[in-house]
Amino acid sequence: MFIKFLTTGGTIDKVYFDALSDYEVGDSPIKQVLSEGLVAFEYEVVPLLQKDSLEMTNEDRRLLRDYIVADDGDKYVITHGTDTMPETAEALTDLAEKTIVLTGALTPARFRTTDAVFNVGMAVAAVQACSPGVYIAMSGQVFPAGAVRKNRAENRFEPL
Amino acid sequence: MFIKFLTTGGTIDKVYFDALSDYEVGDSPIKQVLSEGLVAFEYEVVPLLQKDSLEMTNEDRRLLRDYIVADDGDKYVITHGTDTMPETAEALTDLAEKTIVLTGALTPARFRTTDAVFNVGMAVAAVQACSPGVYIAMSGQVFPAGAVRKNRAENRFEPL
Amino acid sequence: MFIKFLTTGGTIDKVYFDALSDYEVGDSPIKQVLSEGLVAFEYEVVPLLQKDSLEMTNEDRRLLRDYIVADDGDKYVITHGTDTMPETAEALTDLAEKTIVLTGALTPARFRTTDAVFNVGMAVAAVQACSPGVYIAMSGQVFPAGAVRKNRAENRFEPL
Amino acid sequence: MFIKFLTTGGTIDKVYFDALSDYEVGDSPIKQVLSEGLVAFEYEVVPLLQKDSLEMTNEDRRLLRDYIVADDGDKYVITHGTDTMPETAEALTDLAEKTIVLTGALTPARFRTTDAVFNVGMAVAAVQACSPGVYIAMSGQVFPAGAVRKNRAENRFEPL
């Protein structure tokens, strides 16, 4: 089995820089999360974008879609900021033969307590178990694209 | 969605007791793992057994099977010691309409670095995404019961 | 033995708020750090200020000094942002009979990898072991006030 | 400043081995703890023994004492099992010009929640701030050798 991980930024990748007293998107922690999960499959991590998801444009989404169309794999896990994850998921639908799962985190992966590890675990299982299509794995659930939204007030994902 | 978690002991539940200078099966950390995963579905945790999996008997497996048969749920995640997880998985097959995923950990959940959180994330996604049947979610992969073994020397699960 | 902890904000207290996609000073994690250190002495935590240390004014420092002068304790650990910790330390000198140790963190205490726990451990030992006076415990060292600066480029504290 | 760290085993060094379903003394995590503490002083880590402290013999203590006598340093932090830490501390007294601080952990350093990081922070500060002599840094306190015992029932160190 081979999974390609595409990272695009968002909270999951956020790092704290003391010099700036600020908190910015940094290198993706995805390899460390997979190493902690003791995964024994083949994979590649491609850092495609480094953006807050509120800054994700239609061009960024086209880039992501074009990348997957041109690529010869069939299983993709995309780490993404949570605010516009549902929009990006919908922009990736109708790619026959490809299973795509988006995930991310409500708390940065570098925190002692974070949902990042659990969520990437979910995404890795979903990309193997689901039939071709686009899904979001967040809040302990696997949602089909187009049937999910982020409830900002409750800080969770829920069915539309 | 409702998932029932059955805990049976094993490394995932191991706790260190300084008074004994020893390391024994303790209370299951499953609720803490689910809380860290910020899950937003309904669930119940039932502590069924507290055993090293090498001590798991056929009677224990019958108990587990009887429990699930008598229960009216359809999604079960079982945390289990890794050494005999494949045997227990096979003992639970042929239960129509039920999806059962076994998982555990090679390193205790209370460690700073552990595969427990990732593995439970995988199990939670697999129990939703897989068709009825019995599966093992370990080493980053979702295996059908009967098609997986633990490679002790390499400390990982692999296809038979 | 009794130690009073005064918290004033800074990186050690920083929390990530997903709703804001921002990282702000929050409740002090000092009680959790002391609980993790399994401390068996009496203490009290007083949240005095919640500021980035670059925003700390002379009035804030006077408030801190007045608080300590009026208080009847003799051992104080102050958690503080790192950028102006040396200035605040100097503003607290010449308080006879009081031992005061300032500490903080270059990485937020809520991170999986943080210097906060180590630093608070140092401060707790220093406030017991040092003679009355004002000290900074950072970068693995205990410096007397007035003899230390933060080297921003190297992200560490060093002797003047 | 230069500190020499001597490691001797004990809970602080304990590692879990899944293959054995057991929990044994492994490589010392002291370098990782110091790296997490962002220490900026010179140091060396010498792994002298790898023992549960209940197995520590008088010969082991003589070895430790002989090592320190023959060594030309003046600041030593010794990580040690907690059960006989007070005995070892007493066996090291009367070494003029040397400051020696023993510390350890009630929970292994590799746990997510451990007193190891806090305790090593305390020991590092105490070895700088204390006058020559032998001390134990545990339970949030710095005790002189000969004036401290482990209260096993309460799982903490306290004055004699």
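First chain written, first letter: the chains are A, B, C and D, and each begins at residue 1.
Keep in mind that, in the parts below, a contact is a pair of C-beta atoms (placed from the backbone, for glycine too) under 8 Å apart; a residue touches a chain by one contact, two chains touch by 3 or more.
Note that this is a predicted model, so its numbers are computed, not measured.
J.: Under the document's definition of touching, what chains do chain A and chain C have as common neighbours?
T.: none
J.: Can you compute the centre-to-centre distance for chain C and chain D, using the mean CA position of each chain? Integer Å is fine.
T.: Measuring from centre to centre gives 25 Å for this pair.
J.: Just give me the whole-number Å value for how far the CA centre of chain B lies from that of chain C.
T.: 43
J.: Could you check chain B for residues that touch two or more other chains and list them?
T.: Touching at least two other chains: 106, 112-114, 155.
J.: Pairwise, which chains touch?
T.: A-B, A-C, B-D, C-D
J.: Spell out the residues on chain C that touch chain D in their complex, using ranges where they run on.
T.: 1, 33-34, 36-41, 106, 113-115, 117-126, 128-130, 137, 139-142, 155-158
J.: Show which residues of chain D lie in contact with chain B when the two form their complex.
T.: Within the complex, chain D touches chain B at residues 11, 14, 16, 18-19, 21-23, 52, 54, 81-83, 106-108, 110-114, 152, 155.
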